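Chain IDs A, B, C and D follow the sequence of writing; residue 1 opens each chain.
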Amino acid sequence: MAIRSAIPDAAVDDSGQRSVINDFSIVVATANGTGSQTSNLAILRAIYKMGIPVNGKNIFPSNIQGLPTWYHIRVSKDGYVARRENSEVLVAFNSDTAVQDLQDLPSGGICIYRDDLKGLPERTDVTMYPVPLVRLLRQTGAKGSFRDRYTNMIYVGVVARLLDIDLEKLDLALDIHFKRRRKLVDMNMEVIRMAYDWAMENLEKSDPYRVAPMNETEGQILITGNEAGGLGSIFGGVTVCTWYPITPSTSLVDAINEYLPQLRIDEETGKATYAVVQAEDELAAIGMVLGAGWVGARAMTATSGPGISLMTEFIGLGYFAELPGVVWDIQRVGPSTGLPTRTGQGDVLAAYFCGHGDTKNVVLFPGDVHECFKFGTTSFNLAEHLQTPVFVLSDLDLGMNNWLSEPFDYPEEPIIRGKVLTAEEVAEKGFKRFADIDGDGIGYRTLPGNEHPLSAYFTRGTGHNEAAVYSERSEDWLENMERLNRKLDTARDLVPAPVVDEQEDADFGIIAFGSTKFAIEEARDRLAAEGVKTSFMRLLALPLSNDVREFVEKYDRVYVVELNRDGQMHMILQTEMPDLATRLVSVAHLDGMPMTAAWLMRTLQEKEGEAA
Amino acid sequence: MAIRSAIPDAAVDDSGQRSVINDFSIVVATANGTGSQTSNLAILRAIYKMGIPVNGKNIFPSNIQGLPTWYHIRVSKDGYVARRENSEVLVAFNSDTAVQDLQDLPSGGICIYRDDLKGLPERTDVTMYPVPLVRLLRQTGAKGSFRDRYTNMIYVGVVARLLDIDLEKLDLALDIHFKRRRKLVDMNMEVIRMAYDWAMENLEKSDPYRVAPMNETEGQILITGNEAGGLGSIFGGVTVCTWYPITPSTSLVDAINEYLPQLRIDEETGKATYAVVQAEDELAAIGMVLGAGWVGARAMTATSGPGISLMTEFIGLGYFAELPGVVWDIQRVGPSTGLPTRTGQGDVLAAYFCGHGDTKNVVLFPGDVHECFKFGTTSFNLAEHLQTPVFVLSDLDLGMNNWLSEPFDYPEEPIIRGKVLTAEEVAEKGFKRFADIDGDGIGYRTLPGNEHPLSAYFTRGTGHNEAAVYSERSEDWLENMERLNRKLDTARDLVPAPVVDEQEDADFGIIAFGSTKFAIEEARDRLAAEGVKTSFMRLLALPLSNDVREFVEKYDRVYVVELNRDGQMHMILQTEMPDLATRLVSVAHLDGMPMTAAWLMRTLQEKEGEAA
Amino acid sequence: MTSRRQRTNSLGLTKADYNARPTTLCQGCGHNSISSQIINVAFELGIEQHKMIKLSGIGCSSKSPAYFLGGTHGFNALHGRMPSVATGALMGNHQLQAIGVSGDGDSGSIGMGQFKHVMRRNLRLVYIVENNGVYGLTKGQFSATADMGQFLKYAGLNELPPIDLCMEAIVAGCGFVARSFSGDAKQVRELLKAALSYEGTALLDIISPCVTFNNDESSTKSYPYGRLHEVQLHDISFVPKLDEIEIDDYQPGTMKEVEMHDGSQILLRKLEEDYDPTDRMGALHRLQWAQEKQEFITGLIYYDNSRQALSKVMNMIDEPLGTLPNEKIRPSKEKLDQVMENLI
Amino acid sequence: MTSRRQRTNSLGLTKADYNARPTTLCQGCGHNSISSQIINVAFELGIEQHKMIKLSGIGCSSKSPAYFLGGTHGFNALHGRMPSVATGALMGNHQLQAIGVSGDGDSGSIGMGQFKHVMRRNLRLVYIVENNGVYGLTKGQFSATADMGQFLKYAGLNELPPIDLCMEAIVAGCGFVARSFSGDAKQVRELLKAALSYEGTALLDIISPCVTFNNDESSTKSYPYGRLHEVQLHDISFVPKLDEIEIDDYQPGTMKEVEMHDGSQILLRKLEEDYDPTDRMGALHRLQWAQEKQEFITGLIYYDNSRQALSKVMNMIDEPLGTLPNEKIRPSKEKLDQVMENLI
């Protein structure tokens, strides 16, 4: 099983020229806070408007201005969207990193660089395209902060020329970006055109990389996981959303704040059917969620690792007092403050066992923007049905980057409010808050405001009996905790089942979750092309549903692939299937970057070598 | 393997009377806040001053006054100190619980009760001793709050008479309790004697239970685990102790506060060599610990489950920024506020994995008061040597109850301050905070105040390189996290090794930790008596040392015994030894009460039955 | 037994209907008196229990909601975190009237941040601090409201200055700030009634002695001290909007009437000549002065109803959010398609 | 290049010796000016860097300790938790002089509780809030010090009243409370010097504009607003204890001298006639007034040195606890035996 070279084989096109079409990556190196995001998104959008599958990943620093940022654009005719280890096209516009950036450029690649960069290494194995930035800038007449913005438009023009990006599509991209404010669009297009023209005249294209129109993105939307999650929550019926800003979760609540007024103002009264509260911290944010859940609201918050740590005490309360609530954790790299602008999957244990004493929480793992949208409904339904906090673990890569996707269908999953008794039902059947009438571990609850005098009870984090009365009796404690375990078992059947793709006579199995799916799918295709057959189970939730066992039983080796150091999901799988523990092989790695297919292939190959 | 009856076989003594000597339990049922603790401790002390091994356990409610409290005294000539399921001698002085208390009395037992109790069940299989409380109280002439206290002394007198407790020893016990304030002692002894005399005249002893002097407790001390831990910390060199009150940890800091002025005032200056700060909450308490650890102090805090949850974010910082600090967690029953006055071992996962991202912490498990004392030094040494937060997981049973013990030896373990560079050493060798010079994962640190200009560095929870400079580079992150893992491996060799007691040809192994050791030892003795051989490994720490694997490899079945619902240690053991996972059988149970040998035997028997 | 007709209120309920489980607090604990007054007030005002919620943190004080208004849903939250839970509950259902009970440790120590921020937000919440200067439930440590220089058997000498929760509330933007004494039943009642009519967060800082750990007369939080030293700023009475107001002995300049949003009135018969509870600076001044002189002033210390309750500020629909029908909380397919259209 | 002799201070160090890593904050950020003033002051006072520590929470502001005094140990803690870490550090070594840097979000939102309690404890800490009314690092949300009614592009309209950290500090017991403006370099410097001489916690609430997210002139936390509206209460100068004091133009009644514990003096040339920073009530009053009138007052708002630093209150041994030799921290065998004896 050989690993393919990172650079796709160049083909020879009709004109007899060696060419690589729609299958390469671009990396744009700039400093943040200069507006380069606008330029990068314009390139991304223009390519996708040309019908070509494309994906953008922003590798940005944890500050506001002036530190290195890399924007990776993967153009892939086959629709692969995972990160690639190398980019063939480098736009070296950041003097602080240019030397290293150029060193990292693979042989055969091209480097578009501002010609005032000093001390660049000599490389004869790549094509160098210098851009006389200062002169071109002078031509624009830009002053002050415009200099930065126009700098970025200049590389757009040059890239467009060199890669054959359609100027019309660039115009369209900017038009979308600037929300039809034509003046802005025109000003920027002017610079782009100027640079384009300059490049046309002055740069001789001598490399194989270019794009060519396809028809693969028609009708697709471009959206981040956080926007999708925010929209999903709105269509899932969120009524109370509380939060405290933290990267990379902030844009999820931003999306909610943006869309709510347009989607959820009551038409009759013109009033809000929702409340969004910026809390003073995460302790307050989760406290509000549980308070709101208690009175019946579909309540949520969004945060990241440090916020989860701070919420631990409240999550334990939510688990034990059986309060619904949804917590989106857009994972970044921990422990501690860690790398706030890098991606990972390190909060699996923190979420699943969040709380002291014996707690186990329901956790969902969306793997793409579709699932982010979908789980907006699913998470609330589970939280209300199971009367417990539900985590949704996304990550920075999925959450903050833009993904091409089919538009979202209207949710099929109905809004389910769980076992809530009305006053009439209390009158009819009586009410014992924690009685396990249905044998599924889930009691019936009443909401404050219920007029029946027997509906009132006291919610608490202290020991209680079936009737919700304070109790220190051993039997009450035991029964209650056993019922909570039963409830978790009920959850196994309710949570979304894993997505399975099995190949007959597969050499081994792979289990993973979340956004690593893109790298895994690509790696599987490439392995298959080399004759290695694999089966893939993508977990969508904890607790594990029972089909996980069946899957593992089928394979001698099941690789558990995840973006963390300790193999956290691997641990959980082992403890739930001790008899199969030795089949489960951990493939865990965390360096802050999204997983690549190449890394995964290499690692699987090594491990398979060891196993052989 | 039959389980023995809870009541020890009665023997026939010299005088031909059936008698059970020094081998039974007493339970005193009262309400809290009435001063009954003084009476119960007096009984306990008097018995131990008679040379008889004895243990007392207070089962008290989470309020201040008026709710049911049970004080269990186990008298055991063989020195067993675990809780027993039944007590043969009931002192029924709480009208709220008397009916149930009497129902729980095993056949053949005796009930000493106030004769104003209403509606007691008729039982012919037990001996009833009514006490005319009101009349006796009137005789004392007690008024106001004295009525409560004397009520309690009255049962002391009756119990003393019926069980043959030496009045001299009771006098001695009160003398100790009241710190030689003879007037108080005499007032109370007068009531005791009065009740004793009344019982002598009016109650005919017709049951077998009594105590008789032995010589088994000579020179032993009576101490709680929390006092031992507090003292241990003082001899371990604590300099900064911060805390926020929470049951059942408060008395640990109380002991520190009590002993520090007598042990650690600097003799020359009369000033304090320590600082104890009551923080505004647990977040602040742990923040102070880490700040103090950073400047070189041996800093600690004590808390319980809810406090651990609140400390999660800071513990992650301590782990990642590599700051020493000690956190005593005197475990109570969780999740959430749970049962604040009941015991358990439910914080194993919460402590070991405390923090989001990939964290793993060092955790110590004292099993008796000796180890509580000892770990006062060990915990600080590990924290400073490993530059990381160290948990000490005790529990309410061990921490708050009084235990007979040999006096503590002066610590053999020297005070170790870890790898701290002086200004001279920095000048000589240079300084790179996180360089792994010794290959053990532990860098050298400098303390603020170090005069060498190169000694200063910036401590942070964000990504950093070897030189402690902020870094978002993937390689730096990876290297650093791998080094932290190496450090954890180093810890495996440094933490106290498990205590092992193996029997040849043992039928199975047992792994446990903490205060369950008493029930386990008793159960093993009783099993041995029935021909069942067992080997026992008591873990003293996480991460696991390497001998754990060796132990498990020897037995087909290893029962992992713990006081929680989810078998938390069992999970950790499984994940660390997947190849042996199926040998590890979880024996987990949590109802708030200390474990009993009888329960354990029953459970092991069942499981062995299943295995057979 | 003779069956005496029991007094009933406007709803035909007896006072006993407002009881809950028997208290497990110490006999004589100030907190119990406050619970009684809550029961009295609810009975007298004819409150419908299901229209209320009661919340608390952790502590002896925070247990008390279990001992009043058994027909009201209650939430015993975490130590210091009642305010956030109350905020969430009142966002989820702003029709409910909320009583939050906390302690001085619960609000002044661990809960300081949430205390300040709930005051800023101004939800419709009666926030009662049962202030005894001590941690009752954990047996006698000093809380942040204990006086500097105070000595306690358990805790020794307190060397930190006290936090004055009334001052804190005013500074944080609270518009109804009162101090009272659990031994002053009438005042507690009238303040409670007024607070329940207030359309925002109302703080009642009620000195409520801990008879077990802090009741020595040397403590400003003790019964003996309170009884001897209480200085009422005014004699307060609350007049619900429906009542005919009848003021006997009206003397000009001795009475201040405060008109509330819902039409009720607070009548203040001035005891301290020029105290004006609507003057923010004056209120701070008076508190500061009282702190320096260790004076135990009680009454309505500050009143302002210029701020709107948060639910109004947020323009929330009249119905409780928590129980809106599914049609109102899931937008239509057309709307989704529109959104998708814009993302293409 | 010509080698000009660089100015050196009493330790023979140049100003550059007080630099640290280059800033990564935005160009023009107010926080950078404050860092510069810290460097200037340390240079001018001839501070030995190893005798200090610098601490912070999380935020743009909290990054700044990485950009001054490179020879000083630093601790970048958690969001809102600098005070507790500083407290621990100063318990472990009370010989150190501590500068804590925080932001308005860091101190006023998530850190409110720790802010209040560190003020109560009164450790020797210069507590600087780099106050820009906004969350810089998370890109422009309102913080708790933002003005009511303010509008921001990102965050919309702020509908909550601002928290005034000076008022909060005074109410909590802080004895050195100042407000300044990062655009007023001289005042920042003099206040910093005085704060460093203060034997307790000194709060410097420095309005420090966020040029990226909150620098519109309509914002009271912007440069344009600050430049136009700053009202200095006095012209402040700090005179270290060794200096000969020479006051020119001395006019009776126009100058106030404040004598500090260590013999230094703060000279206040009155600009606002009857402002007396040693009058606690007056200070609260003035702040309250300024808040109502949206006046931007700067200067030493409150000064009181009657409270002792915590290490004195706790009667701590002179040497730092953290580095006491083992003999001093482990009691003798005899002492253990004695304790054991008493437990038998």
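Just so we're on the same page, a contact is a pair of C-beta atoms (placed from the backbone, for glycine too) under 8 Å apart; a residue touches a chain by one contact, two chains touch by 3 or more.
Here the structure is a predicted model, which is why all the values come from computation and not from measurement.
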Reference subunit C; chain at largest CA-centroid distance: A
Taking each chain's centre as its mean C-alpha position, how far apart are subunit A and subunit D in Å? 40
Would you mind pulling out the distance in Å between where the CA atoms of subunit A average out and where those of subunit C do? 44
Going by the touch rule set out above, which residues of subunit B reach two or more other chains? 61-62, 280-281, 306, 313, 317, 336-337, 460-462
Which parts of subunit D, given as residue numbers and ranges, touch two or more other chains? 78, 109-110, 112-113, 117, 121, 144
Mapping chain-to-chain touches, which pattern fits: line, ring, star, complete or other? complete
Complex interface listing, subunit B residues touching subunit D: 219-223, 231, 234-240, 242, 259, 262-264, 266, 269, 271-275, 277, 279-281, 283-299, 313-314, 317, 407-408, 410-411, 414-415, 417, 446-453, 455-462, 469-470
Would you mind writing out the residues of subunit B in touch with subunit C in their complex? 33, 61-67, 244-247, 250, 278, 280-282, 306, 336-337
Going by the contact rule at the top, pick out the subunit C residues touching subunit D in the complex. 109-113, 116-117, 120-121, 144, 159-161, 163-164, 167-168, 171-173, 280-281, 284-285, 288-289, 307, 313
Contact set on subunit A toward subunit B in their complex: 61-62, 305-306, 308-310, 312-313, 316-317, 319-321, 333-342, 344, 346-347, 349-350, 353, 355-360, 460-463, 472, 474-475, 477-478, 481-482, 485, 564-566, 568, 570-571, 574-575, 578-579, 581-582, 584, 590-593
Inside the complex, what are the residues of subunit C that reach subunit B? 24-27, 58, 60, 63, 78-80, 109-110, 112, 135-139, 141-142, 144, 212
